[in-house]
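Two complexes come next, and they have one chain in common, chain A, joined by chain B in the first and chain C in the second.
Entry: the complex of A and B
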C-alpha cells in the first residue's frame, strides 16, 4: 500500500501541492483575520443599540467601526475563499486520479498488474482522498472559528454559506472529490473532466442546494409580526425569508396564517365612510387635507401595522447545515461508489 | 498549414472546441437576443421623465418604461455579469491543450520528427484554434456592443468604468489573452490540468488587477471636475446632469477658481498628519469658502480607455503567443 501511496504522490504531486497550498493559505488567512477580530475586544455590553442605531457607548461605536472595517475587507475575502476553495481543491485532487492514467494510456499495464480493478482504484483514490479530507478538516475548523468570531459583532453566516465551515465544508469538498473522480473515470481526459465536473459541482452548489433549502424553508417557516425591532438587540431574527402578508388576527386564518388576509379595499371604504373622500390636494399641505389625513391615517395604520413575515428563525441554521452535510456526503459517496463499476467495465484507453 | 493539419487539430481538441464554441455562441446569441428584446420595447423620449417607480396606476408611457426596465434588470443585468470572466476562460480552454496535451501524451517527439521545423508544427496546431477564438470573440464583441447601444437608449443608464471590459474590442482581447497565456503555460508546464490552473490564475490576475490599473492610468489624462450639484441633480428623475465614468476622489475649488485635490486640512498643512506636528488653527482655510467637487472621469474618455486596454491586451496576448515559439523550439519532447 505504501508503494501505491508513493506512486500516487509521484503522479499527482502538482495537484497535491496546489491543493494543499490553496487550503493552507486560506486556513492561515482565516486564522489571522479571526485573530484581528478577537483582538478588538468587543463584548455583549455594546448591545442593545438605541433607536438611532448607536451602540451602548462611544467606545462601542468605534469598536464596531473597526469590526465592520475588518469584515468588509479582509473578512470579506476570507468568506469568499471559504465558500469556493474546498470544492475547487476537491476538483483538482479528484479529477486526475483515474482520468490521467486513462489519458496517458497507462491503465492497461496497471490493471494487468493488479488482481482486480477495484483494488487498483482503491489504492489510487484512498491516498488522495486522505490528503483531501485532512486538508478539508483543517479548513473546516478554521472556517468555524472565523464564523464563531463574527458572532461577537452579532454577524452570522448567510444561508449561502452553510458549507463555509465545519462538517458541511468537509462534506462539500468530499462531494467535489467524488464527482471529479467519477467524471474523470467516465471521460478519460483530465481537462474535459475538470470542466464537466466543475459545471456539475457549481450546478449542485448553486441550484441543487438552493432548491433543497427552499423546500426546507417552506416547511420550517413561521409567521412573525414584521414590525419587530430585534435588530436593536443585534440578534438576527431570521435566516430565510419566504413570504409577507397583512393579516387581521381577529379573524381565523388559513394554512397556518395568523389571521384572515387584510382587505385594503375594506379600509378604503371605511376611510371614506368615516372621513369622506380625500380632498383634491396633491401637495397634502392644505388644512382641509390635513384634517382628512388626521381622521384617515389611524384607519390605514391598522393595515400597515398588520404586516407579518413568513420566515425561518435563525435558530434553525444548524438544521440547514446538517441537511447540507448529509446531502453532500450522499452525492459524494454515491459518485465514489459509482466509479468502481465504471472502472471495472471501462476500456483502458 | 494544410487542411489536414487543421482537421487533425480540431479532432484532437474537439471537446475544447465544442465547449468554447458552445460558450461563445451562448454569450453572443444571449447578448443579441437581449438587445433585440430591449430594442423591441418602444419608449417615447418624453416617457422616461414620467416614470416615478413601479407604484400606483401607470399610464401607457410609464408602462413602456416599466417593461424596458424589466427586460434590462432581469436579462441584461444577469448577462453582463458573466461577461467579466467567461470570455477569458474560453480563451484558456482553447489555448492550454494545443501544446500541453501532446507533451503530456508524449506524441510530440513523433510529431516533431515528422516536421522539419518545430515552429511549423506549432503554427499548424495553433491557427485553427486561434481562428475559432478570434471569430468567436469578434461575434461576441459585436453582440455585446449592440447590447450596450440598446442599454444606453435610456437616460437612466450611463456607462461605468467596469463596463469597458465587458463588451466590444476589449472583450475580444480577453479571449485572446486567455488563449495566449493558456498556450504559453501549456508549453511550459507540459500538462493540461496544471497548465489550465496556472493560466487561469494568471488571467484572473490580469482581469482583477492589471486591467483596472490600465483603465485607471488611461483615465488620468481625462480627469475633470464636477460639482456636487451637477452630480446629484439636474438629470432625469433625480439623476445628476453629469454621469461620470468613474470617481477618482475629492477636490475643492478655491474662491479664485483654482481647483485643488484632497482635503482642506491637507491643503492647509501639508504633511502635518505624517510628521505629527500640530496644525495651527490659523492655517485652516474657511471651509465655506471652498466649493466641494468631485474628481471624475467623464463619459467622453470611454474611447481612449477602451483603446488603451485593447492595445495592452493585444500586446500581452501577442507576446504570449510569440514566446511560445522559442519555448517549443528548445523544449524537451518528454
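Entry: the complex of A and C
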C-alpha cells in the first residue's frame, strides 16, 4: 500500500505541491490577518452605535477605523481566497487522476496489469483525496478563525460566504475533487475536464446553493420590527433578508404575519376619511394645514411604526453551514461513487 | 442495430481444429465490431482459434481490425456481435479473470513518463499479484536498460522492451502484443523479437503479435493470421501456407486456383495460386500476405516492404 501511495505521489507531485502551496499560503495569510484584527482588541463594549452612527467611545471610533482598514485591504484578499481556493485546489487535484492517464494512454498499461479497475481507481484517488482533505481542514480552521474575528466588528461571514470556512469549506473542496474526478473520467482530457468541472462547481456554488438557501430562508425567516436594532447590543442581527411589510398589529394577521398587512394607500384613505383632504399649502405653514397635520400625523405615524422585516436571524448561520456541508458532501460523494462505474466501462485510449 | 449471426462451435464458418489440437487459448466466434451505428465494420464475423504454445502473427493493413480484435480479448473493446474467449473466459463476463491471464503490450507502449523503469516494476508489483520483478529486472539488465532511467527519456525501442519485460513478468499464459514494432528501428525490432521468442519458448506461453511488417514476424512466428477488411482471409502455419502456394505469371493459371492477382514493384503482374507444384516458385511470406489482402480488397495491389 505504501508503495502504491509513493508511486501516486510521484505521478501527481506537481499538482499536489501546487495545491498544498496555494492552501498553505492562504492559511498563513488568514492567520496573519486574524492576528492583526485580534491585536486591535475590539470588543462588544464598542456597541451599540448611537443614533448618529457613532461608536460608544472615541477609542472605539479609532479601533473601528483600523478594523475597516484591515478588512478592506488584506482582509479582503483573504476573504476572496477563502471563497475560491478550496474549489480550485479540488479541481487541480481531482482532474488529472483519471483524465491524464486516459490522455497519455497509460491506462492501457495500468488496466492490462490490474484486474480490478476499482482497485486501480481507489489506489490513485484515495491518497489524493487524503492530501486534499487534510489541506482543506487546515484551511477550514483558519477560515473559521478569520471570520470569528470579523464577527466582533459586525462583519461576519455573509450567506454567500457560508463555505469560506469550517466544515462547509472542507465539504466544498471535497465536492470539487469529486466532480473533477468524475468529469475527468468522462472526458478523458485534462484541460476540457478542468473547464467543464470548473463550470459545474461554479454553477453548484452559485446557483445550486443559492436556490437551496432561498428555500431554507423562507422556512427559517421570522418577522421583526424594522426599527429593532437590538442586534447592535451583542447579537449579529439577521443573516438573510426575505421580505418587508407594514402590519397593523391590532388586527389579526395571516400565515404567521404579525398583523393585518396594509400600505400607505390605506393610511391615505383613512387620513382623508378622518381629517379630509390635505389643504393646498406647499409651505405647510398655514394654520389650516397645521390643523390638518395635527389630525393626520398620528394616522401616518402608525405606518412608520408598522414596518416589519422578514429575516433569518444570524443565529441560524450554523444551520446554513450544516445544510451546505451535507449537500456538498452528497454531491462530491455521489460524483466519486459514479466515477467507479464510468472507469469500469471506459475504453482506454 | 443490425444483429449479426453468431456462429456456434461446429459451424462451417469456424476454422476446423486439428483432431489433436488442445483447447484453444484464444477464440473469436463471429466477432463483429463497428464503432458507430451505420459506420464501417472494424471487425466482421471474425472466427478464429489460436492453440497454446504458439506464436501467431496477426497481419493486416492499418484499419484491418487487428487492434480492435486484440483489445476485445483484454476487455478494452466491447463487441457489436459475436464473442471472444481467452482460456475459455469471456472477457465481457469476467474481465478480471481475462486480464489476469494476459500480458499485454499496447501499440503506444505508453509508460509513465515521470516514473523510472524501477518505478514501473514497483507499479506492476502492486497491480498484478505474483508479478516476477526479479526476472523482469534481469531481462532489463541484459538489455542494458538502466532501472533508474525515467520512462520519458527511453527510446521507442527501449520503451517497448520495458513494456515487454513487464508483460513477461506477469507470468501470464497469454501474451497479446498490439503492434509493438510499429515505431521501432530494425535493430530494436530484432532485439524485441529475440526477447519475445526466447521468453515465450522458455515458458511455453502463447503469444499473438500483431504487425503490418511482414518480414519481421516471419522469423519469430509459427502461425499466421491475415486480417483484411475486418475479416480473416488466411489462418494457417506459416511454413504450410508458403508451401501450399505458388506464384505464376498473371493469366496463365486456371481461375479456380487463383487467390489473387497483383503487380510487383517493377510492374510485372503475377498471380498467387493454390499449388504445391515444385516446378513453380513459392511466394515469400510478404507476397503470400499481399495476395490474400488483395483478394480481400478485390483489387490489384503492388508489393512493398509493408503490406499497408
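The rule we apply is simple: the second predicted complex is superposed on the first by the 327 of 349 C-alpha atoms of A that agree within 3 Å, B and C clash if a C-alpha of one lies under 4 Å from a C-alpha of the other, contacts with A are read in each partner's own complex, and residues count from 1 in each chain.
The rule is short, and it goes like this: a contact is a pair of C-beta atoms (placed from the backbone, for glycine too) under 8 Å apart; a residue touches a chain by one contact, two chains touch by 3 or more.
All values reported here derive from a predicted model rather than from experimental measurement.
K.L.:
With the two structures laid over each other on chain A, which partner does A:11 touch: chain B (first), chain C (second), both, or neither?
P.N.:
A:11 sits against chain C, while chain B stays out of touch.
K.L.:
With the two complexes superposed on chain A, say which partner A:163 touches: chain B (first), chain C (second), both, or neither.
P.N.:
In the superposition, A:163 contacts neither chain B nor chain C.
K.L.:
A:103 contacts which: chain B (first), chain C (second), both, neither?
P.N.:
first
K.L.:
Who wins on chain A residues touched, chain B or chain C?
P.N.:
Counting contacted residues of chain A, the larger count belongs to C.
K.L.:
Thinking of the overlay built on chain A, is A:123 touched by chain B (first), by chain C (second), by both, or by neither?
P.N.:
Touch partner of A:123: chain C, not chain B.
K.L.:
Is A:195 touching the first partner chain B, the second partner chain C, both, or neither of them?
P.N.:
first
K.L.:
Given the touch rule stated above, what does A:115 touch, chain B (first), chain C (second), both, or neither?
P.N.:
second
K.L.:
After lining up the shared chain so the two structures overlap, which partner does A:92 touch, if you call chain B first and chain C second: first, second, both or neither?
P.N.:
first
K.L.:
Looking at chain A, which of its residues have contacts with both chain B and chain C?
P.N.:
Touching chain B in the first complex and chain C in the second, residues 104-105 of chain A appear in both lists.
K.L.:
Enumerate the contact residues on chain A facing chain B in the complex.
P.N.:
Answer in residue numbers: 14-15, 18, 92, 95-96, 100, 103-105, 189-192, 194-195.
K.L.:
Within their complex, state which residues of chain A touch chain C.
P.N.:
3-4, 7, 10-11, 104-106, 108-116, 120, 123, 347-348
K.L.:
Which stretch or stretches of chain C touch chain A in the complex?
P.N.:
71, 74, 76-77, 95-97, 99-100, 102-104, 106, 108-115, 119, 122-128, 131, 163, 166-167, 170
K.L.:
Using the touch definition from the top, list the residues of chain B that touch chain A in their complex.
P.N.:
Contacts found on chain B: 15-16, 19, 93, 96-97, 101, 104-105, 191-194, 196-197.
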